[in-house]
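Two complexes follow with chain A in common, the first pairing it with chain B and the second with chain C.
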Partner chain A sequence: MKRIFATTALAVALSFGAGISTAQDAAIEARQNLMQLQAFNLGQLGAMAKGEMPYDAEQAQVAADNLVALARLDQSAMWPEGSDSFATDKTRAKPAIWDNFSDLMEKDQALVEAAVAMQEIAGTDLDALRGRMEQVGKACGACHEDYREPKN
Partner chain B sequence: MRRIIVYFLALALIGVGVAWAITMPRPLSDDALSGHTGDAARGEAVFNAAGCAACHMAPKAEDDARLVLAGGQRFPSPFGTFVAPNISPDPEHGIGGWGAADLANAMLRGVSPEGAHYYPVFPYTSYAKMRPEDAVDLHAYLQTLSPTQQENAPHEVGFPFNIRRLLGGWKTLFLNDDWVLETADTEEIARGRYLVEALGHCAECHTPRDALGVLQRDQWLAGAANPTGDGRIPGISPDKLDWNAQDIAYYLQSGLTPEYDSAGGHMVAVIDNISRLPDSDRAAIAAYLKALP
Partner chain C sequence: MKRIFATTALAVALSFGAGISTAQDAAIEARQNLMQLQAFNLGQLGAMAKGEMPYDAEQAQVAADNLVALARLDQSAMWPEGSDSFATDKTRAKPAIWDNFSDLMEKDQALVEAAVAMQEIAGTDLDALRGRMEQVGKACGACHEDYREPKN
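Let's turn to the complex of A and B:
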């Protein structure tokens, strides 16, 4: 009886643990997919900035609008505590994120501002677009500087 | 018997003499600066290319604080933790009392005005290849920045690495100013070589080191363990990085990879400096990386 109890307790504990990790995995996947979407739209603008693709005002505007919408998404549920690089190798998010969450939020806000600045000119001015790409790059780097592990 | 003792004493004396000579600081010759007068505007370009602010600004400094070179950033390594010093123009806490020759000796020879060896965490192993005139221009520029009275923190380095004189032996064996890419076929590649191998000191992180901390020139820019112990610094030699030259230049300007991921870690601070250089310099860096075997 005792043994059955212990086994059941263990099974419950294990499945609970698995449940946590699945929820965390889903959050990690969600935020990674969000960053992929941002990269895709930024890539449209970047290709025009670099001259790899002819400047298309309409397409540039769509990409910039998307970037703003994506940057503004509420990500609060995508960053549950413990979904960090110490817990799983599925993410390079450093645990330091959760020690400095308000700093992260400020940097996230800077990305929104950079995206809005891009949105204002993307459909009209290729030269300005080139300059504002750098602002967006800087906003991305601001978080990745302190809060992302290097690749192994 | 007495003869043997004298013999051994003489031998010991020679040994001490040789060790003394090997570990002696070797400043530049007096005529190395050849009457060059410092130009602060040119010095600013040297400052950005050499990435001084990335290590010497206060931890987490942003915007204007980037130009207050208070020091204090910590650099862990297998030999101990080094702390960047104050190099602002404060005469007491910084380097305001230095002449141009002092800065040139520090950067090209790793020797302090008092004649002590610096630790190679200060990348004089790369700056050894820089033109002395560039150090003079940089000196003129550094004098224009804001002084700060920030006290220097000591390095946290244990025995035997805390004996600076030993670094003299290390330098005799390993410090040299030979180009790794021996021939630069175009002016652009030569400029890129100067920026990568000398001022930009890219190899200090991107090239692996042996147990004595010496860069492995046969694995030039092939990627290395992060000295903090955290993950790896990626390789940027042609067999490790397949980006085209334009992608490399654009990354150094915007921090964005060809996949529109961004730079991370210390590279963010590097790009903050390199992005201030003219387009032609970033193109030169790319041309150099592409010209590596």
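Let's turn to the complex of A and C:
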């Protein structure tokens, strides 16, 4: 997430003339798609860690590789100012996100580092994988706890 | 897409004991999330190409970089056998996908190459970007034409 603030030009242009709310909605959908893809891959690692799914070194490595690639995506276009939970019920993203840019960047970087740490050992064995799950989970949770509204 | 056939063990395990349909649904959602993220990024390049959005070299590069990273994700867990349009109305993926593995791999590789070609010049100028849009669009379309059911 190199630039979290999408430019106004971008936000307006993304609306394709259909009004600003469409651009906001597209950005909200994009980041939700991204988080769901991360959850899909992390879910496989978590299922192996919990013994709900047999450990498969190749599949664990694939999931961890995907997680790193996803964590490294540039999200700058996905977080236009105003695409928050005060503006629309399509997101639980708190307005505070846009007031805490440097904290967000740190938390984003922590997720990349946790994913890379997982990537390094996901294909080694189940114990190694288990040993690094917590770091990834905490990195996800760090943003969610501070910047996501509770579910209704 | 190194291995398009997710193992049965994976598909079963992903259901987390909630029945096979849940695993299929999770895989279908994951690939739809991926394609929507690709469309989000390609949409920005397309909007610039069509003059619906001002050309921004940095933003174009970000979108192209994202597109390459997304095209390179390993989709092996996203296409379990049986997650097709005959089995569920949650997908338009034709069963033929699972009978044409090598063709799918070729088409998948063509998308990676088209995205890389775009990445090389997206930040150069608008004419260069325009010149490589068609290759990306065709790569997307190649799979959709052969392997996606028409919209109802």
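We take it that the second predicted complex is superposed on the first by the 134 of 152 C-alpha atoms of A that agree within 3 Å, B and C clash if a C-alpha of one lies under 4 Å from a C-alpha of the other, contacts with A are read in each partner's own complex, and residues count from 1 in each chain.
Convention: a contact is a pair of C-beta atoms (placed from the backbone, for glycine too) under 8 Å apart; a residue touches a chain by one contact, two chains touch by 3 or more.
Nothing here was measured: the structure is a model prediction, and the numbers come from that model.
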Contacts of A:Pro54 with chain B and chain C, given as first, second, both or neither: second
Contacts of A:Ala69 with chain B and chain C, given as first, second, both or neither: second
Which of chain B and chain C A:Glu149 touches, first, second, both or neither: first
Contacts of A:Gly43 with chain B and chain C, given as first, second, both or neither: both
Which partner, chain B or chain C, touches more chain A residues: C
Which superposed partner A:Cys140 touches (first chain B, second chain C, both, neither): first
Chain B/chain C common contact set on chain A: 40, 43
Parts of chain A lying in touch with chain B, wherever the complex brings them together: 35, 38-40, 42-43, 46, 50, 133-134, 136-138, 140-142, 144-145, 148-152
Of chain B, residues touching chain A in the complex: 226, 230-234, 246, 250, 253-256, 259-266, 268-269, 271, 275
Residue ranges of chain C in contact with chain A within the complex: 2, 7, 9-10, 13-14, 16-17, 26, 29-30, 33-34, 36-37, 40-41, 43-44, 47, 52-54, 56, 59, 62-63, 65-66, 69-70, 72-74, 76-78
